[in-house]
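Have a look at this one.
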Amino acid sequence: MKVGIIGASGYGGLELIRLLHNHPEVENTILFTSSEEGTVFSHKYTHLVNIYDQPLQKIESEKLAEFDVVFSSAPAGVASQLLPPLIGKGPRLIDLSGDFRLKDSAIYEQWYKKEPASALAVEQSVYGLTEWNAKEIRQSQLIANPGCYPTAVLLSLLPLLKEQLIDGSQLIIDAKSGVSGAGNQPSQMTHFSETNENTAIYRLHQHQHIPEIEQAISSFASEAAPITFSTHLVPMTRGILTTSYARVMEGVTEAQLVSCLEETYANHPFVRVIRETNKFGTNQVYGSNYCDLYVKVDPRTNRATIVSVIDNLVKGAAGQAIQNMNVQFDLEEITGLSLVPSFI
Amino acid sequence: MKVGIIGASGYGGLELIRLLHNHPEVENTILFTSSEEGTVFSHKYTHLVNIYDQPLQKIESEKLAEFDVVFSSAPAGVASQLLPPLIGKGPRLIDLSGDFRLKDSAIYEQWYKKEPASALAVEQSVYGLTEWNAKEIRQSQLIANPGCYPTAVLLSLLPLLKEQLIDGSQLIIDAKSGVSGAGNQPSQMTHFSETNENTAIYRLHQHQHIPEIEQAISSFASEAAPITFSTHLVPMTRGILTTSYARVMEGVTEAQLVSCLEETYANHPFVRVIRETNKFGTNQVYGSNYCDLYVKVDPRTNRATIVSVIDNLVKGAAGQAIQNMNVQFDLEEITGLSLVPSFI
Amino acid sequence: MKVGIIGASGYGGLELIRLLHNHPEVENTILFTSSEEGTVFSHKYTHLVNIYDQPLQKIESEKLAEFDVVFSSAPAGVASQLLPPLIGKGPRLIDLSGDFRLKDSAIYEQWYKKEPASALAVEQSVYGLTEWNAKEIRQSQLIANPGCYPTAVLLSLLPLLKEQLIDGSQLIIDAKSGVSGAGNQPSQMTHFSETNENTAIYRLHQHQHIPEIEQAISSFASEAAPITFSTHLVPMTRGILTTSYARVMEGVTEAQLVSCLEETYANHPFVRVIRETNKFGTNQVYGSNYCDLYVKVDPRTNRATIVSVIDNLVKGAAGQAIQNMNVQFDLEEITGLSLVPSFI
Amino acid sequence: MKVGIIGASGYGGLELIRLLHNHPEVENTILFTSSEEGTVFSHKYTHLVNIYDQPLQKIESEKLAEFDVVFSSAPAGVASQLLPPLIGKGPRLIDLSGDFRLKDSAIYEQWYKKEPASALAVEQSVYGLTEWNAKEIRQSQLIANPGCYPTAVLLSLLPLLKEQLIDGSQLIIDAKSGVSGAGNQPSQMTHFSETNENTAIYRLHQHQHIPEIEQAISSFASEAAPITFSTHLVPMTRGILTTSYARVMEGVTEAQLVSCLEETYANHPFVRVIRETNKFGTNQVYGSNYCDLYVKVDPRTNRATIVSVIDNLVKGAAGQAIQNMNVQFDLEEITGLSLVPSFI
């Protein structure tokens, strides 16, 4: 397979390069850029010396059309312009931004403050939450790869909502993310001296992943009520932990919640349900494509606390994108993705 | 004033030493130990060379009786034994553990799995949440200094609950703490290689601060319903950020919530209500006795997200303890505590 | 005393504000800016709410002339313009940049790539390494406050060089610094995701503090040979540790090196010589004005390894600047600076 | 191939498991323990759920004899007992501790304070610095895998010493290590709150890797003079950066040093010589088997500063061990080791 990547300089792009390097079916990866044409990529990123020493190439639609797959890890607003011309042509298209995720263009505009992609392109795209949408993904040319927060949240909540074991009408989701989620552009918010030894609010009620989560709940589980969703930045590079709070339905036990999750993901290699543990944290999935789940019911309040961890750059971005590519090409989902979490 | 400290080797004790060193009314601080008698303290803690080079002294009730104040920063289960014999004698007593906080001894036993303090001692003790209980604190010999999490949570929620601006029947509190809250005993959970680059669950529904928060809500604001309370460890040393979620009462606006907090704390120098900000994090109170508050109402869900930050070792422990000492001795609350947050 | 600060937005400036807030002789601190006139400082830096809520003022020479002291913590190239007009007028002047440190303007140009300050101003300035130059500092209006690396290096090496206990002809100095030394301007080098979990070269042989160290060795100890000086960035915010390597002179023992350091600093409260220890690190001076020293001779090679730690923002910048102010005003050196290291 | 691991619970062992999981020639990995027999490994290490769920097995010589390879990642003093009985039997033996590295048993005892391995076993062992000893490694049953510091130091210095481009008589080596090098046993030195925001001396002149480095210089390059070697702990988990200082031989240029390194490693895939760069740090090899080198000559002093970075758990331990296994089994060196550094 011949793979093209638009927006390789971002962290999603770097992670695609890292993972695709060991993908047995990928023989060639070419990087495209809008502004750094000719730059030898390993001059910019020293860690890629001897691994990726080719120059970045100019984005041209005809060239892209010759690839088997084109990933776009450019920021929102870019793929909506670059990918639609390739629809109906050769390559499978996987976009890591939010440009094709929201079916309602008014909602996209409201949350992204950008021009939406064409209605036709959005209509033809399929939401790439692999464990929940593999059949559609296999048949679709254009995949809207999920956001990092939605991946962690949806994998943990969808089974419980679908089976009506928890009350979806009052979901409260408290998310904590490492700083790499903010991308590679330096800013005061990501300046080491002000980020280190600091846990801070990132966005309250205003994250653009809110409508994405709500839309996916409606699609895959049940009618969705507005969620309360807060994001926080913690002083680490990789990892997302989401803590979700929901009322447990009358008569439902913790054991039922655990069973529901286990049964849902019994044949899905990347989702692990952890039963008893005295430690549950982001480092248990570090560098890997796993999403680990943990659920506890508080008998004092009859509320469930549902915890989910992912590596935001792998299962939350590049890993899931490759998992979707595997599905599109009828490869095993784990092809090229059997990475053991590094833990330390 | 002559000050004695029991349990100085712990992080609460070290912080008492740091803060008392510059307290203008304290002329002498003596450290007591149950197991390290004779150890020159600066041999154990190099940062105290030339600052505290005296040996640790053996704990003896008669000696302690001669002090003006005795702080105990020993772990739970110690002060319940050591402080009651001093009741009715000279020194003011300030305990930083949970031993005297819970009025109901059965609840203490259930959550702490330890023998409770004598009923008489508990009865005579006063809860040291300074901004809410100064009058009682002034008159009491024995202060139960609040826990770190309860301090952050209560200062942010009590005004809103008392004024019935938010619904106390379904409170959900998601707390994130730096690792120093786990104390100075090495363990796998606090081992650098497994803590760094890791955000993890600390305790779900089972933290012993839960009954403390519920009791204080009942005392100071309104009848309390059971809370949902989760704690997380984030890879930093100092700081707690609590994110609380509550339904806003019919017709109440965000502006009213903000005003309520501002009015409550108008004359309290250590609680700051932050209005507009694009960054709100633990580093804005780092090393200081401040508790900063921030509140946002989500119009989509009509829920309020109420955020609070403290330095867990200062306002969450040693700083508030000294603030209480100041109140007991009719000093200005800020005496010795006018530390500017270091921010970086 | 009335204090003015130019360049308060930088980290040196923030630290001046933090420390001066509790200085008993300072009654008023005014902040000056070249570009942010009118900005309420606590809107920019939330940690200063209720502490410094005044607006930044425009830099005007006549206004500055009315202060007792003017600190400049602006970057190199600014103080060389702003301070000379104040020479001969009222305020004592303390510059935290490198603009007045190097007596030879050609060397300044070579290393700083900037226009040097006027020869007259440089001539009138005095190098503010307090422990070594207090007499000159007391009498001088204009102080060139030392750089962070030179402070750590010189305090550890000058006594040994002056007494000819080590060989100054082949000094090798390996310095490790926290990231705050790089200032508050976001860049790729200080971007959290690329700085965290990374120890990196900062500058090899090319740091502008090299001529400063060599000049000070010549002034205070002995003729200086060129030094080998490397700097590294480690993933922490505050702190510098310098490891210096020198041949021990024939017949000289480790005990003599230790004694020499102890005798030199016997009456200097901020320099501590640590004898036996199994831990020696930057956290033992964190947040304080201490410089701690440690020396070991390797009997296999007859070389001494001399280690020095400071908080780069305190003893390496704002703390030493205030120490110099204290000397200029005949206050005790520790006035306003008796901060206990926070250690954790 | 069937692989056995002794001491899998340590960080070296965990990393062996991580890397061997994707090694194409390894079909089975069995873990052995002296004290935790029967423990399901993924109960102890949650990150291995679904990856390694087998129980730990008791160490028995006859069982070990049936494997193709046995790695020992137990602490010093263990392999010296467990591996010699397997000499002459089936498995290749690769020890990650220091037990077989030092040819002189008196030196082992002096630096390790432990009983040395039998003289015969030591004699039969071969030092596993792959790039320098592949021929011997291929033919030997027992490999003494190099220490983490020696790997970084030797790869950077051996070529220059062998070609007599630098002066080996006065080598000074300043090493900085992440905390994982201290292993998985909690202690005060690795306690998060005292390690975070702290750069500290680890060992001065006393590290047991000193004789290992000196012995390897003698073996592979030239007669060795005693080195000055200091180690420091920096607040990160993975990574070692060593900065070595040496006098450049008369008339030798920086270009010659660079060429020498490039030529030496032209056919060695894991050693990269970085020419121009404005960033050179441990994160460029994070998670990979690379050792990156960088050298600069200071024209002012005619000294070379030679910098080397590795991931201490990969090239400094498990990665190099597998590289040696590949050599022993005539596989390509990169088999199972073509990991791209994660960088962030």
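A few comments on the model shown:
All chains are identified by letter, namely A, B, C and D, in their written order; residue positions are counted from 1 within each chain.
Please note the rule applied: a contact is a pair of C-beta atoms (placed from the backbone, for glycine too) under 8 Å apart; a residue touches a chain by one contact, two chains touch by 3 or more.
The structure presented is a predicted model; accordingly, all values stated were derived computationally and were not measured.
Checking C-D, A-C or A-D against B-D, more than half of the residue-numbered contact pairs recur only at A-C. In this structure, the chain pairs B-C and A-C differ in their number of contacting C-beta pairs, and the larger number is found at B-C. Centroids built from CA atoms put subunit B at 38 Å from subunit A. Between the Cα centres of subunit B and subunit C there is a gap of 36 Å. Centre-to-centre, using mean CA coordinates, subunit A is 46 Å away from subunit C. Across the assembly, subunit A contributes residues 11, 178, 180, 188, 193-194, 196-197, 235-238, 279-280, 283, 286, 343-344 that each touch 2 or more other chains.
Shown here, the protein chains touch in all possible pairs. On the side of subunit A, the complex with subunit B involves touching residues 170, 172, 174, 176, 178, 188-189, 193-194, 196-201, 204-205, 226-228, 230, 232-239, 241, 243, 245, 278-283, 286, 294, 296, 298, 300-301, 303, 305, 307, 343-344. Within the complex formed with subunit B, the residues of subunit C that make contact are 11, 14-15, 17-18, 21-22, 45-51, 180, 196-197, 237-238, 269, 272, 274, 277, 279-280, 283-287, 292, 313, 338-344.
Of all residues in subunit B, only 11, 178-180, 182, 184, 186-188, 190-197, 235-237 touch subunit D in the complex they form.
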